[in-house]
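Read through the structures below before going on.
Both complexes below contain chain A, partnered by chain B and then by chain C.
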Partner chain A sequence: MTNRDMAAKIAGGWSDAEAVPRFHNQIEVTCGNPDTIAGMLHYIQSLGFEHMSNLTCVDWLEENRFDVTYNLWSYKYKIQATVKAGIDRGEPKIPTVMDVWPQAQAYEQEIHEMFGVDFIGNPDLSSLFLHNWKDIPPLRKDFDTEAYSKEAYGAQRNKEV
Partner chain B sequence: MLKISREEIIDGKFERVLNFFRSRSLWMLYYCTGCGAVELPPTMTSRFDMERFGISPMATPRQADILLVTGYVSVKTLKRIVYSYEQMPEPKWVVGFGSCPVNGGIYWNSYATINQLDKYIPVDISIPGCMPRPQAVIDGLLSLMDSIKKGEAVGYKKYRMNNDWYKKNQREILERTKPVLGGKK
Partner chain C sequence: MEPVFYELTKLAQNDQYTTYEMFFGPNHPGMHGNFGYVVEAVGATVVKVRVNAGLLHRGFEKLMETKGWFQNLSLIPRICVVDPDPNEVAYCMAAERLCGMEIPEKAKYLRSLTLEMSRLTSLLMGMGALGAMMGLYSSMYRMMTDRDYVLDLFEWLTGARIYHIYNVPGGVRRDIPDGFLAKLTEVLDTLEYNLKEWDNLVFENPVVHKRLTGIGYITAEEAVHYGLVGPNLRATGFLADVRKDDPYAAYPYLDFETPVTHGGDALARAVQVRKEYEMSIKLVRQIIKKMPKSKEIRLKAGNTLKFVVPPGDTYARVESSKGEYGYYVVSDGGLKPYRVSVRGPSLPAGLTLCHKHLPGMDISDVAIWMASYAVCPPDIDR
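What follows is the complex of A and B.
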């Protein structure tokens, strides 16, 4: 099965999914309704994408949107799928996909810490890497890491030569 | 700032006799926080052979003389470094390895790494470089041995006498109660 066939199959089977074949063996799937992300990923998993290799988040500051991005891999068809779910940046909430892939728990915990996305249904969203963090989540684009470092640790910029 | 300067607490004559023997047998606790750890195996093994100067690795802080901080120090790591340092018996020395403990190195504007290790524990000698070659490491450790012999490497006394100042700096980082930039969580 080529990526073109698989994209057509995904878009045909789930009404909110918009699947575009990219080059070689890649598919980009956009989720129209983030509230149904778990059901959609369960459907995509049943088509042969049994492996979730990564779960990450992209901050689009100008468009006021977070793209929660799931990277899936099919061992059977050798196709890589990128599933994106755009959520509102002001109130970032999305259901957990722990029921589909249990290992998503730790990824979601990290994204909650670094971007402040709330994963509804994830039992443990405690701090993972940061120690006693009080500011806005550090990987958001509007977080000024240099100003933070200057203020918190007394960093100094060297003179430009 | 520091109340007592380095010159005021230099070791006396009796201490210097002891220091001569101390400087020839240094057990090193290497706290491999960052990338600097890759330069230690060649320094320890046969090509550069640190042990000919009497410096060898030690597994526990309770039996070590030198704390080697190799690389960047994140806030979580700083807490562990302070634990390890306070567990070590005196006399003890700290070596800042690479540019990161000096001024943050290439991670100077990161939100996660501290910039100056010297503000939180007393660093006796810094080996600059990113990363320092084994020759530089050996040169730095020999300089440390020299300053121990001269009685100038007294960071542990500095820590004891200015404990309030160091503890205040540590608390500022580790027990932060309000946001630094004033944003909401």
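What follows is the complex of A and C.
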């Protein structure tokens, strides 16, 4: 099965999904309704995408949107799928997918810490890497690293020689 | 900020025993990296485990958003010290795919060469560490000697022993020096000769067999479900290899069969790593034989500080010594990447599978469990 056929199959089987083939073996899937992401990924998994490679988030500051991104791989058809779910940046909430892939729990914990996205249904969203973090989540685009290091550690830029 | 102090916490006590919370790492002989588990144990049996990560977090993903496409190359190999080249290649592949570049044939071979040499160094360290976890320190020190022969060749080829910064978007940085391939063949002969020694010391050692059998057993279905990759997955009998499934660099031109092992426990994983090591030596020999004679190793990228990548996003995967290393790269068309997300191959084992496997295990087996799954802290803390 080529990525073109697979894209048509995904878009045909799930009404909220929009799938476009790209490069030689990749598909880009956009989820129209983020509340149904777990069901949609379960459907995509049943089509042959058994492996979740990566779960990440992209902060589109100007468009006021977070893209929660799932990178999947099909061992059977050798196709890579990138599933994107755009959520409101002001109130970032999305259901967990840890029932579909158990390792998503750890990825979601990290994304919660780094972007402040709330994964509904994930039992453990405690901090994983940062201890006693009090600022805004650090991987957001509006987090100012220089101001933070000045405030927290009294750091100064080196004088230019 | 107030500092955080940890002390040995008493969790429960009765007339027979006391339950404590114990720190397994970061300062522990069985822990290779700045990472740790906090285990609750009754006697010597683990009952619960908590992950203590963040001691190695260097904020690479944030740093990469503040530097140019080419400047990031000096950061990327530092993500994984043991196996740096898959990082470089995955990042370059993502940038090239977005630019629509096709690198010269010789550059593809040189990429495969560095990837396989890097795999050799990493597997030697992994096999040695597994031996060390069982108290077989002689295997570790002697494998480090072999590893150093390969690192010397890396220094000759790239100018650096550990952080090579050799692969750049558009190709590789240097051509092969005169006499390099002959010397490499010599080193490969040494490595192959020493394999017998490793068999006697580790892989055919009855004590090792007894110690490893049954630790961390997993079935193929479960391994796929949990996102295990590379040798861990192939040790369950499931054949999946990025080099075959999603070919990159010179792998489409090479002739190889990826081995699998049936078993799914620590012994099967050790045997699988040994098979992959042997296969890697053969692959390097094949690359030497098929190396093109041309001098073209790099496309012209113009002023590297003004290098831009068209807007878009892609996920590039490379088979590292521990399995699929992936870079999800987003570009907005600017001088810097908009977002880079790194997929470390051992994150699912280190953060999720530990909650399933470690409870019920002896504390003395935890280090072997970690070494057999090749849990590498830099994959978790980027």
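The rule we apply is simple: the second predicted complex is superposed on the first by the 159 of 161 C-alpha atoms of A that agree within 3 Å, B and C clash if a C-alpha of one lies under 4 Å from a C-alpha of the other, contacts with A are read in each partner's own complex, and residues count from 1 in each chain.
The rule we apply is simple: a residue touches a chain if its C-beta (ideal position, glycine included) is under 8 Å from a C-beta of that chain, and two chains touch if they have at least 3 such contacts.
These numbers were taken from a predicted model, which means no experiment stands behind them.
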Chain B or chain C, by number of chain A residues touched: C
Is A:Asn25 in contact with chain B, with chain C, with both, or with neither (first, second, both, neither)? second
For A:Val58, decide between first (touching chain B), second (touching chain C), both and neither. second
Looking at the overlay, what does A:Asn71 touch: chain B (first), chain C (second), both, or neither? second
Between chain B (first) and chain C (second), which does A:Ile136 come into contact with in this model arrangement: first, second, both, or neither? first
Output check: A:Leu128 vs chain B and chain C. Expected answer is one of first, second, both, neither. What do you get? second
After lining up the shared chain so the two structures overlap, which partner does A:Gly154 touch, if you call chain B first and chain C second: first, second, both or neither? first
Name the contact category of A:Gln80: first (chain B only), second (chain C only), both, or neither. second
Which chain A residues contact chain B in one complex and chain C in the other? 129-132, 134, 138, 145, 152
Of all residues in chain A, which touch chain B in the complex? 116, 129-136, 138, 143-157
In their shared complex, chain A is touched by residues of chain C numbered 1-2, 4, 51, 53-54, 57, 59, 61-62, 66, 97, 224-227, 229, 240, 245-246, 313-315, 317, 324, 326, 328, 330, 338-339, 341, 343, 347-348, 351-353, 381
Using the touch definition from the top, list the residues of chain B that touch chain A in their complex. 74-76, 79, 103-104, 108-116, 119, 173-181, 183-185
How about chain A: which of its residues touch chain C in the complex? 22-23, 25-26, 50-54, 56, 58-59, 69, 71, 73, 75, 78, 80, 82, 101-103, 105-107, 114, 127-132, 134, 138-139, 145, 152
